[in-house]
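Sharing a structure with you now.
Labels run A, B, C and D following the written order; every chain starts at residue 1.
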Amino acid sequence: MTTTYPGYLRKPHYYETDQMGIIHHSNYIRWFEEARVDVLEHLGLSYHAIENAGIIIPVLAVDCQYKNMIRYGDQVKILVSITQYTGTRLDFSYEIRDIATDQLMTTGASKHCFLSKDSGRLLSLKKTHPAFHQIFVDFSESL
Amino acid sequence: MTTTYPGYLRKPHYYETDQMGIIHHSNYIRWFEEARVDVLEHLGLSYHAIENAGIIIPVLAVDCQYKNMIRYGDQVKILVSITQYTGTRLDFSYEIRDIATDQLMTTGASKHCFLSKDSGRLLSLKKTHPAFHQIFVDFSESL
Amino acid sequence: MTTTYPGYLRKPHYYETDQMGIIHHSNYIRWFEEARVDVLEHLGLSYHAIENAGIIIPVLAVDCQYKNMIRYGDQVKILVSITQYTGTRLDFSYEIRDIATDQLMTTGASKHCFLSKDSGRLLSLKKTHPAFHQIFVDFSESL
Amino acid sequence: MTTTYPGYLRKPHYYETDQMGIIHHSNYIRWFEEARVDVLEHLGLSYHAIENAGIIIPVLAVDCQYKNMIRYGDQVKILVSITQYTGTRLDFSYEIRDIATDQLMTTGASKHCFLSKDSGRLLSLKKTHPAFHQIFVDFSESL
């Protein structure tokens, strides 16, 4: 089931353009977040479910490589993979592809950990939230 | 003293441009907030002082009139006035002027009230925070 | 046909929240733009169609009234009306409603004119682009 | 002279916070751009000077590591280094430090090339703009 994640569809907004006539490079970091939220919802892990479980998933690092310029009027699809899941760490990678041509426009990655909302301490999901843990394991293995 | 508020200086950022080659109109609403924070600090009412006093100052309404396009490379000054202060309501108006030419580029306004951070209820500063109240009265009258 | 415009659906993004735990008020101006683009596409006036016709539709003024706070996790619908169309001027109004409760969250408006992309001069669509003119007239009357 | 670049001072804006109560991670990519523009101006290479010379400096890649959370009310300094300059490629690294404590908050990097504004082709500054080339060489060596 989880293997069928179709990617996150996105139309650039006019306010995301810059005077070079392209989407400003900072916006892709925001699109990665949108796609990450979308894939977690697809897995049954909505923001509220995560929050209600007392978990925060902060961003430790991001990177982004701009291969082709994306313009207003283009439509893109953001594919998300889990590249590492250890129970305490969670890493994603992203590919942005043009929907019309399937051309690879942008690649990127983000690194995360799990914190307790109450204590601010690092969580090991395997111990503290085994149901969530299993979802990440299953999705990682399905890819 | 408070009459000498010199205005808030701002250089547009590249990421604030759009593909029309101008500063995107949504950013002025953010600049108004920056200028509002700056004038409050000038009055001795830093965000932390306001927060520590248990006060939240939400935005009830904004408006903005775009008279001349502002471009990357321009430098502007944002002048802030208090147009109404009643003890329970606080209204600002804004003028954005080009520093080189003094040309009026943009006008705007914002309306605010005071809420208790704890209860979420409307505050009358005159009753609950008389020192803050006096600062607003003095600044309003100095204009 | 044009009467059936269903409104523009929008889920707030996490990066649109602020530390008050609500959607920052500047983002609604961007949502109005998204909804405006969407309704124009619904009318057959995509950004590219407008651009290819040599027309620019700048923003002359915006306003926004914040009636209820919108939070991350809410889903909203933005309804768009044309409140004035004269052939040389185009005014929109907006209502943001919560999808779950139909509660009115935000109202707003924007004012626009038509400029020639080449000359930068004001256009009267009735004269220069009668097919576009008719679309605006029909939509205005359908409301 | 160029060795004395003092860093780019920045106060976070309220609209840059998110509901976790910190500066949203996407904004640091924008701050890096601000700091990059600032150091180029410090070197006599204002955006207009670069643009008038027919040069575009696109972003090929960015990365950012979030070491400590930055909050509204903090003041930070962004230090910029050129880590590679080849005449055709230009790489920067960034350190964001808290001004009060000198604590390292964030690190990052960006990679760039030079394009001709007219032809869109890659430029070798050493050949096409030797004065600009020398400025980059001098600044790189001064670090």
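In this section, contacts are C-beta pairs under 8 Å (C-beta built on N, C-alpha and C of every residue); 3 or more make two chains touch, one makes a residue touch a chain.
Predicted model, so just to flag it, every value in this text is computed and none were measured.
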item	value
Most widely separated chain from chain A, with each centre as the mean of CA atoms	B
Which of C-D and B-C has more C-beta pairs touching across its chains	B-C
Chain A and chain C, separation of their C-alpha mean positions in angstrom	29
Length of the line joining the C-alpha centres of chain C and chain D, rounded to whole Å	36
Chain centre separation (chain B, chain C; CA means) in Å	26
For chain B, residues contacting two or more additional chains	14-15, 20, 26, 30, 33, 72
Partner chain B, residues of chain D touching it in the complex	13-15, 30, 33-34, 37, 46-48, 72-73
Touch list for chain B against partner chain A, complex	14-15, 17-22, 24, 26, 72
Chain D - residues contacting chain A, complex	20, 25-27, 29-30, 33, 56, 58-66
